[in-house]
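What follows are several structures.
In what comes next, chain A is part of two complexes: it sits with chain B in the first one and with chain C in the second one.
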Partner chain A sequence: MAKKILIPSLVVSSFALLFCHVLFAADKLNVVATTTTLANIASEIGQYKIRVASIASPKQNIHHYAPTPKDVLKVKKADVLIHEGLDLEAWRQPLLDAAGNSRFFGDGKYSIDVSRGIPLLEIPTSLSRSEGDIHAFGNPHYIGDPENAKIIASNIAEGLTNVDPENAAFYRKNAASFNERLDTKIKDWEARMAAFQGAPVVTYHRSWSYFVKRFGLVVIGEVEPKPGIPPTAKHLAALIQQIKNKNAKVIIKEYFEENRTPKKIAEETGIRIVNLSQAVGEPENAKDYLSLVEQDISLLEEALGTQKGRVS
Partner chain B sequence: MGTASADPTAGPNLVQEMADIKRMVVAMESHMEVLKSTVRAQNEIIERQNYRIEVFEKKQTSLPIQAAAMPQTPSPAKTLMQGGFNPDIGVVGTTQGKLTQNKADIDGNNTIVLKELEVNFAGAVDPYSRLDATLALNDNLEDQNIDIEEAYYTRWGLPLGFTTQLGKFRAMIGKENLMHAHQLQTADYPLVIQNFFGEEGLSSSGARLKNSIPNPWDLPLEFTGEILRGNNGESFSGISRRPIFNTHLKSFFEPSQDTNLELGWTTLFGDENPPRTILVDDGTGVMVEEEYTPAEGQDRYGVKVFGGDATFNWFLPEGKRVMSQSEIYFQNRTGRVYDNNAPWGFYSLVEYRFSPKFSTGARFDYLNPLDVAGRQGTTSISPYFIFWQSEFADVKLQYSHTVYAGGEKTDNAAFFVVDFMIGAHKHVVQ
Partner chain C sequence: MSDFFLLMWKPLLACLILTGIHTYLGVHVVERKVIFVDLALAQIAALGAVLAFMFGFNLHGRETYWFSLAATFVGAIIFSVTRARREKIPQEAIIGIVYAVAAAGAILILSRAAEGDEEIRHMMVGNILLVDLREILTMAVLYGIVGSFHWYFRKTFLLISTKSEEAYRKGIKVRWWDILFYLTFGLVVTSSVHIAGVLLVFSFLIIPAVGAILFSDKISGRLFLGWGFGILASLAGIGLSYYFDLPTGATVVCVFGGLLVLLALIKTLFLAGPKP
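And now, the complex of A and B:
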């Protein structure tokens, strides 16, 4: 009895699946990017020739994001995967395993690692979890430096060219145009931040190393005692002393990081808390990479500017 | 004029050629821009490397002894020679302290034990497949042993996008059955999972086939079919005649940018296998083991289990999160082994992660158990608290108040659990 039902059911299901695969086949290059920022840069380059989806929510910590069944489906259907490489997205491999899209296994042409050619900071000399959640290949938050966004754009253009050589000129032209716009903005941002060269700042996590280096700020400490380790009372006491000694101006944190500890520090030291983001879509009016960095710079300019009198 | 009259198509061709050349020039210009930015980036890298070399050389001249003692970064070739093909290895330990009143607790009452030490191995087999294995070492008082908790081979890329898994794995039943003990929010598995599938859920040898069902709404619809070994878990224990068939269907919705909801449905068919031996009264009040052969043999698929699961996540600002998870299971049995023909149970759990360091929550359990006939149910309430020391270590505190079926017995238990891990450890996307 079971066989009578099972075999026809399997045959019917197989044909239904085949029919659906053909019916819903894509007409554009399906691109999935691990972050909203990469998705935005990819859409600048691929424009109407690609369909872009992103994985991690801009409102959540990229390190701790838990992929959902919807993400599995996106990766399963994708022709191209764009990711930040290194070990930023610790969940990337389990997601690829769940999706089982063999295009993305190994270093094939369908998997675009945008970290290629990026000069990395904070490469550890030894690996031990006693140093917290350190990154084996170096600090992976390189997207904070807009100069690196130019390398990312070029990597995406070359990656798309490898997959879709017919539109090579289109992708390269758009990457060049994006980089040109970025060059103009970088000059503007650097000019505006020049007034704050050497200003001491505190960051919550070590995710702003590239950004502060580009704009000449100096990090005197982090709220986390070690990367990824929640703050302790002992560490906070030392940090508060450090802030007072060095007259630090602002705590730079991301929206998803808790406010309670920075507020406690601010109450004792008068330091300002500034929420910045590296993810397009957080806050909602940061609709693309340029407006995201513009917003970060404006907020920082305002925070540092209002305390200009306190700059030593 | 002469040329034009000799070849009337020359004019339009020339225009076309000019347009092509223009397009090529534009493309070459853009390519040049990309190359320029690449060269700039490479120059930056070279500058940095030169600076590093300078610093390193200075250190070597000033501190020759220390420099010689420093570990050298292995070259790629050396790394390969030294085991670049070795699998990812991780170790997860769970230590549990437990205070209970229940005299029937086989672990004893006030105990502390290394509950489990899991050793994980994982890696690609070839471009089409991978292997994941978890060996669990237990420090049970009289029965220290090593269990194969999971060891399965995954093969992707089958026709129509199917994936298969072969070996031993945690069966695709609801949500918590898929989790290893250290992944649970609570100190123990829900009562319905323990009673229906075993103290740590149902992990079984078998074969699994899964795929996403394409649909016009782009809705994630994942179907999993499993054939499992026949005598497995509390509900299907005993002598196996036929395998267990399990199917699971899962869908996922995002009502808003900050919320998501996962719904699943599980159906299991298996035999109600009689136990190899049963306990009988020898006439003097002493219970002795006796070989048992059912008079009517086994019924085909005498056990049917149906279950639903729902998980809701609400992501709040500053990394806070509210999570609610519930599972409900019903059974339809022939009643050959256990007294209860229609046991059922559910649990409902709510958790609030209110800071990077702390979560709190509570689980409510209801169970109409396999071995208690009638409508009597066991209820339990378990508030808990989790301290997240880091991503790699956590401490769980839980209190459980249980009223057993019939209401005659109650138990109060307190759990203190510490989970810790080293090495490579990645959780499967569920």
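And now, the complex of A and C:
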């Protein structure tokens, strides 16, 4: 008897729930962000007023991501697109073309380019094409500097406000609160890194320029000066010599970058290899931007600290 | 379902066009035993693009396209000249050498230039999911022209591919026809690789042709079977890619491979008659 009532009531209530879900969902802005990090910052600002999806996997090189059918669908159904601008996401334009969502044609208010107002590093002085056309606008890995994350947060708040002016106060308040929390953390991070001011480091790719500048480290060389091209014997020898001369402490690389060359350098010089990340979700316990940078700083602190105590 | 067609009609259409021309060319390539010739030509095309890049042209510009095409034509000439009536050195060896040297050449040139490597890699990877309508139309027109050309001269092309000795005896200028064959082949492969990537193009070329050979000895039979195979595998691959959210190109390639295994099993289990 009880069963007879239970099943229909379950059916009815689940339909009711579904209906509510649809109703509330309709109120939410559908936001799609190109990276997990941007998606996280966007969710801090939009909170329950938006639904956020991200595209590129945090476990891959952001330049080379290959979108899947669901990614095209996400863009097709999105109200707002948040991207890092410049030429970071080489796949962005083809993806937008494939999705054919007219909101994102041109640079209308539905596309939020978070790089606006960020002081860029390494802008090429000559626009000679033989210098490569990859980073023609400057180094696009600006998200490595948490000060830039504040600009990003404000850009997202303004962007959401343009699309949804009714909630302007809400978005701005959340951005301000995010930036406040970030400010506290930045002070902490800077204090912890103060001990390593001017410490010479090696990076794998030029994706840490903003980060090292913020925290006062000095890059004395890159493992791979040209992405994808294996370092020549001469380059490696010179780099190893540099590391020895300047007593560099760590090689900073991202998880997805190959480990063989850094390992070889480490064997020759005793330098430490640290895997850092700029993508929320890689490693898995870096669930938001703050814990991501926190993790990077702790790892670096540990690597630089142990080296310091070691007699080399 | 509507989402499926909304999203996937362009990749699906592109796959069908690719099936059309590549199955046909694949029948030739398998008969000629030059299986990897498309990889070598694609690599030469990439080398051409790198050269253009070195001279300061934009990688996506028209000049770069002409550079690629010119390089492909040089490759076509190499492959037709190195074919001998009685071969001492297998043609596959030449193809392998050309592939390795072209790939290494691109690395050498790039090590002197600045970045741009990612773009070159993209030329070889392609992304069928993101193909746009303009690319599809260009492909349809170009392959239509190449296809008609081959249709018009089908007797000569097929004779040279299947019974070269007879062609030589009949006094056909095999070398010149070979140049024509590899020129048109290079034109198709360079354009396809740019859109679909090396792996996918290779699969479109070889797998339907091989699958068809299992069941038919006649060229026309092989062609129709190959086309059927290609269409089926494209549909299934695109469908799976959509429903399981997998990278489209790689899914289609694996479906091609899986379908071939299935066909081979059917053949051995049910159709294996007494061998003559």
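One rule holds for everything that comes next: the second predicted complex is superposed on the first by the 269 of 312 C-alpha atoms of A that agree within 3 Å, B and C clash if a C-alpha of one lies under 4 Å from a C-alpha of the other, contacts with A are read in each partner's own complex, and residues count from 1 in each chain.
The criterion applied here is as follows: a residue touches a chain if its C-beta (ideal position, glycine included) is under 8 Å from a C-beta of that chain, and two chains touch if they have at least 3 such contacts.
Keep in mind it's a predicted model, so treat the numbers as computed, not measured.
Engineer: Have a look and say if chain B or chain C is in touch with more residues of chain A.
Structural biologist: Looking at chain A, the partner in contact with more of its residues is B.
Engineer: Is A:K76 contacted by the first partner chain B, the second partner chain C, both or neither?
Structural biologist: The answer is both, since A:K76 touches chain B and chain C.
Engineer: Taking the superposition on A as described, I'd like to know which of chain B and chain C A:A194 touches: first, second, both or neither.
Structural biologist: neither
Engineer: Identify the partner contact of A:S102: answer first if only chain B is touched, second if only chain C is, both if each is, neither if none is.
Structural biologist: In the superposed model, A:S102 contacts chain B only, not chain C.
Engineer: Is A:V218 touching anything from chain B or chain C once the two structures are fitted on A? First, second, both or neither.
Structural biologist: neither
Engineer: A:W91 contacts which: chain B (first), chain C (second), both, neither?
Structural biologist: In the superposition, A:W91 contacts both chain B and chain C.
Engineer: With the two complexes superposed on chain A, say which partner A:P67 touches: chain B (first), chain C (second), both, or neither.
Structural biologist: Both: A:P67 reaches chain B and chain C.
Engineer: Could you give the residue numbers on chain A that contact chain B in one complex and chain C in the other?
Structural biologist: Correct list for chain A: 64, 66-70, 72-73, 76, 90-91, 94-95, 97-98, 129, 132-133, 228-230.
Engineer: Give every residue of chain A touching chain C within the complex, in rising order.
Structural biologist: Where chain A meets chain C, its residues are 63-64, 66-70, 72-73, 76, 90-91, 94-95, 97-98, 128-135, 226-230, 232.
Engineer: Chain A touches which residues of chain B in the complex?
Structural biologist: Per the touch definition, chain B meets chain A at residues 23, 26-27, 29-31, 33-34, 37-38, 41-42, 44-45, 48, 70-71, 124, 127-128, 130, 154, 156-157, 160-161, 163, 211-216, 218, 220, 222, 250-252, 254, 257-258, 260, 262, 301, 315, 317-320, 355-357, 388-392, 422, 426-429.
Engineer: Write out the stretch or stretches of chain C touching chain A in their complex.
Structural biologist: Within the complex, chain C contacts chain A at residues 3, 6-8, 10, 53-54, 56-59, 107, 110-111, 113-119, 121-122, 125, 127, 129-132, 241-242, 245-248.
Engineer: Note which residues of chain A are touching chain B in the complex, please.
Structural biologist: It comes out as residues 2, 14, 17-18, 20-21, 23-24, 57, 59-61, 64, 66-73, 76, 90-91, 93-95, 97-98, 100-102, 105-106, 117-119, 125-126, 129, 132-133, 150-151, 154, 157-158, 168-169, 172-173, 175-177, 179-180, 228-230, 255-260.
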